[in-house]
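Multiple structures follow.
You will see chain A twice below: alongside chain B first, and alongside chain C after that.
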Partner chain A sequence: MLWPYLYAAPAVGAMAFAFGFPLVQVVRDSFYAGSFDSPIWVGLDNYRGVLADPAFRESLLNNMKLLLTVPVMLGLGLAIALVLNDRIRGGRHYQAIVFLPYVLPATAIGIAFSFVLQENGVLNTALRKAHLGVLAQDWLGNSHLAIGSVGALVVWQQLGFAVVVFTAALLALPPETAEAARIDGAGWWQLQLRVLVPQIRPIIELLTVIQVITVISWVFNYVYVLTSGGPGYSSSVMELYIWRSFSNGSNGTAASVAVMLLGMAGVLIGLSLWVRRQAIAG
Partner chain B sequence: MKRVLISLGAALVVGSAVFSVTAESKTAKTAADDPNNANLTYWYWAESDAPGANNWLKKQVALYEKAHPKVKISIVLQSTDTLTSAFTTVVQTKSGPDIATQWATLPSLTPAWAGATVPISDYVPASETKNWISTSENMWQGKLWAMPQYLIGIPFVWNKTLFKKAGLNPNVAPKTWADFLADAKKLKAAGITPFGMGNKDGYGGAWFFSLIGKQNLNSINELKDAMIGKQDFANPKFSGFYQTLADLKKSGYLNSDVASITFGQGFQLFGQKKVAMSWGTDGNVAQWEKQVGAKNMGIAAIPIWGNGKLATSYDVTQSSDAFITKWSKHPRAAAQFLTFLHSPQALKAWYKSTGVFPADKRFSASVVTDPIAKQMLKLDQSPVSVWPENFVPPQVDQNADLAGGEMITSGSGSPADVVKLWKSQLSQWKSQHPDEFRSYQKWATGH
Partner chain C sequence: MRTTARHGLVRLLSQHAFLLIICLSALYPLWFIASTAIRSNAAYQLDPTGFPRHPTLGALRTILFHQPLPRWMWNSFLVTVSSVAVSTFVALLAAYAAVFGRFRGHRIFLSTSVALMIVPPVTLLIPMFVFMVNAGIVNHLQSVIIFYTGLLIPFAVFFMTGFFRTIPQELIEAAASEGAGPFTVFRRIVLPLSGAASFTLIVVQAIWVWNELLIALVFLQNESSRTLMSGLAQFQGRFVTNEPLVLSGALISILPVVVLYLSGQRFFVRGLTAGIGK
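On to the complex of A and B.
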């Protein structure tokens, strides 16, 4: 009975070293201040300090605001995939066009959009030339709009991924069900919403989880390149807060926020698994 | 007898082995310290201050490697927004370049306090360092910790053509803040953007702090006291300038895109003749002179805003400097190369390449023939000069100084909000870096 465990031991050991050790180390560091070579035990002070820091609270709130991009992204992605699934003329080309931003590096996109979205950038210049100057805004320099601009960029880039995943799921469906619905007199909307979408529900759930995790812990590139978290902290996110803390040598602060971020991602993953189980059981 | 011979033979072999290993080790150590045989990595930054600096260094490295065939120098160019953070990370790991660049004073001294650098004065003789200018910015415990390469003065500039267009005397610079505001009003009325800068990354606001904010102080020690809590940063003496910056924004005297363009992009506005007034480094001014024309622009000291003794001081600093890291295996080689950068040909080439004055007494002023450059040199030789940002702890500089200015120029925070931010960041710095705080206290009080 011991043999199976012995066989698994090397892999478990490697996993523990690769994932467990850094995890334990980060949790440990979150209770210390100072540098790595002369750490000072501070207990929960890092957590208290972080929670009392308005910059952290603003970063956390911005992560929450960015969560709004998930339904937008998935809704748009699903709509486009359903239209493309109808075998419209040039569908593959449209799919390629929509997918293109996803394969571009986030940093390149961020730099390009930082020029597009400036007060006197490409977008506002075009709006002013089209006599729509009233719509021209300081997309990056206005603290009320900066995080929205980041969100729009995230949607723009991630949309292609959603479209491809949904299209693949729709193509994998057996054609008989849709055919039977058509014979029974289902209209286009009924066919999409009552027949096709329910069949790809597990994929929608999976993508929701992936995108939520992306928005919580993978938006650093967009924010750093587009706004650097500014003006002030108006577009800062938790990842940027961690990076700033670490680059300032505040390792304990960075570690404590990393632990919180890990906890949030863990809760979300647990929640998604629970939803998934409920769906299967139901 | 046989046993004795075998024992002697064995002892001889072991002894020889030990000797050869020891000798090899000694040779290796000597080789490691050999200034003429080393691989050096140099993290370099200066281009933003002095356009042309990167090319100059590339050429100097080529010259040095030609003269020292066994020395190989790898240049790793650093970006402005990660200059401090990248090296702070390196300090944590205690491994990285042999030579690094930082801004003067605190960004250079905090790594020294953390034991990450060695005093350059231990490797370069006093007969050489006595020629370097502005060394006082990087002195600690009686030792010099970094080598200055150049001097950066920050003159005020104005476009004479645009002044004339607005009905202003093109040959008169605003001397006081009241003059500045009066000129700005007339320029705005004429449809000209009065003052140009970029502050998306916070450096525009940080410059405002250093150039205007210092003017209510009588000495830089007052700012040091505010950093360690002996004085209150909320006192308008320290933070009153934020209201002035907010007023400029509100009056429409700044370019409308100040919050969405970077500091570097802001510099381009004056060269593109899109704004009537600005400020920049000596290097920027040299570039603008080519774009705007010497006849169409004027330079002067920053208009006087405050009433402290520092109000009339000029803003000149070595800006960035070079130091040798503690973990470098070739400190002597690094020091020798850095000394080479102060050789007469290197100094001359530096000025030719950048238009920025080298921080070396041996640089001959007779080389400077351009009238605007002559004016800048005269300003740089002002008796009192200080760059207050150098005295702000790097963490506070990034999280309060840069972020606070952004809040003002974007309109997302009031001066009172920014003061609150400064106080909270000073408090965080104290709790997150207790060692650094103690070292700062000692340094600030002259211990």
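On to the complex of A and C.
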């Protein structure tokens, strides 16, 4: 049979073009410096330069700091899903509202957050009105707080995703186990933590891996509109570092960071495929 | 007995209170965007937390009639429709071939798709940009359409194979044994069954393209070729002291998504969580 090959060919071709070609090319670019018209072979110099650059280290560290959003988001998401799972009245409406932020454009939402969080923005004005002026901070301009503000935005937007995934997983559980535990006299908390949560553990693990990939490699949008990586590089992330280097014409530098990011993502993607297999098998 | 009833009531109330707080924080930024977009800049600067007591359409009018925003919306619309249409069609064919044609290497093809779903686009950006420069289409919508189409395909293939596997193989075999060719089977049997699944896929992809910023920012750098998201990012820097104006742009970019969400919420939920499901 020939037709399946013909039918699959456009997809294979498109994937080769959009993924295969740039993945190979970016690795090559990372060993060269200068403009794309007259590249100069520099071996590993781009990598050495990047690793010695404090701005890169700061960006990498910020990606690591954003990892803290993962437990916050999953914990909160799980709590909401468990409450919704109690067949609470209006549960569907609650879920619809909680999921809404996840579909909205991060650019528009990020701009709104930047107005809320800026020095004389809504949050500080509200705090001062409530005589809590001591709590007012320069949420975006203070180099210690800026990445935390980015994290808050990430949690705000992605929380609904965790809620929906967990709700679906809880709904798919056989009701008998929970029923048996209830008959055995298990309290509400016991039921949640000892019976329900362990059963959806594979899904929790899979979502953890997915969210780790997200905060390592998919947060450009949030950072760009909220702080542009500032002040200085204090809230920059690897993606933003790539973008800045590339905009300055340091193509080799940008490519070498892209390769490192790809390496990290690759490990995580491998992990996710493995966890996914476990989740489906379980 | 009475204490357990009271316990139940306390738990019920605290559960609702908890969910209400979560929902209010989910909705607050939307309220902030919508309520600020209808205030005058003077009123906003005087008190950013205030209620829109004297609503005005001034900012919305400015942004729609004296700024390039309608052009950017049109660009976003064109980019979204073309890349989603092409990627959906290409993925439908490939998924059909992988599930019912079972060509050699279809397993590798499918696991490659799953792996590519999570490749960060920023790592592909630089070679792609150089390619677009050489092809002479930087600052033309084609450049992002081509790239988006390619980026969408792995998820689309993954999603449609998942759905096609639920179609009984006998149905296809019966039609084929009656002499129907593969394209006839595809058009007469598979496509009509895939309505809801295709629609879900289209919604998810459309949202992704509509919301994308990084690639649009790099590939489309002149005023008339921007998409809505990269245009908004420009507004943010250009009108730093006119929040109502910038937020009315944000409001306009959000509205189509919210309308689509309200009209077909289940499609969103099903499609966007598909990467996780079984």
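Everything that follows uses one rule, which is that the second predicted complex is superposed on the first by the 250 of 282 C-alpha atoms of A that agree within 3 Å, B and C clash if a C-alpha of one lies under 4 Å from a C-alpha of the other, contacts with A are read in each partner's own complex, and residues count from 1 in each chain.
In this text, a residue touches a chain if its C-beta (ideal position, glycine included) is under 8 Å from a C-beta of that chain, and two chains touch if they have at least 3 such contacts.
Just so we're clear, the structure is a prediction, and the values are computed from it rather than from any experiment.
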Contacts of A:Tyr233 with chain B and chain C, given as first, second, both or neither: first
Residues of chain A touched, compared between chain B and chain C (which is higher): C
Touching partner for A:Ala55 - first (chain B), second (chain C), both, neither: first
First (chain B), second (chain C), both or neither touched by A:Ala130: neither
Partner chain(s) touched by A:Leu117 [first = chain B, second = chain C, both, neither]: first
Contacts of A:Phe246 with chain B and chain C, given as first, second, both or neither: both
Partner chain in contact with A:Leu44 - chain B first, chain C second, else both or neither: neither
First (chain B), second (chain C), both or neither touched by A:Val267: neither
Touched partner set for A:Phe36, first chain B, second chain C, both or neither: both
First (chain B), second (chain C), both or neither touched by A:Val12: second
Chain A positions touched by chain B in one structure and by chain C in the second: 36, 120-121, 246, 251
Chain C-touching residues of chain A, taken from the complex the two chains share: 1, 3-8, 10-12, 14-15, 17-19, 21-23, 25-26, 29, 36, 76, 79-80, 83-84, 86, 88, 94, 96-109, 111-116, 120-122, 125-126, 129, 156, 159-161, 164-165, 168, 188, 203, 206-207, 210, 213, 217-218, 220-221, 224-225, 239, 242-243, 246, 251, 254-255, 258-259, 261-262, 265, 268-269, 272-273, 276, 279-280
Complex contacts: residues of chain B adjacent to chain A: 81-82, 84-86, 88-89, 91-94, 114, 200-202, 256-261, 394-395, 398-399, 403-404, 406-407, 409-413, 421, 424, 428, 431-436
Contact set on chain A toward chain B in their complex: 33-38, 40, 42, 45-46, 49, 53-55, 117-121, 138-144, 227-228, 230-234, 244, 246-253
Chain C residues within the chain A interface of the complex: 11-12, 15-16, 18-19, 22-23, 25-27, 29-30, 32-33, 36, 47-49, 87, 90-91, 93-94, 96-98, 100-103, 106, 109, 111-116, 118-120, 122-131, 133, 147, 149-151, 153-154, 157, 182, 207, 210-211, 213-214, 217-218, 229, 232-233, 236, 243, 246-247, 249-251, 253-254, 257-258, 261, 265, 268-269, 272-273, 275-278
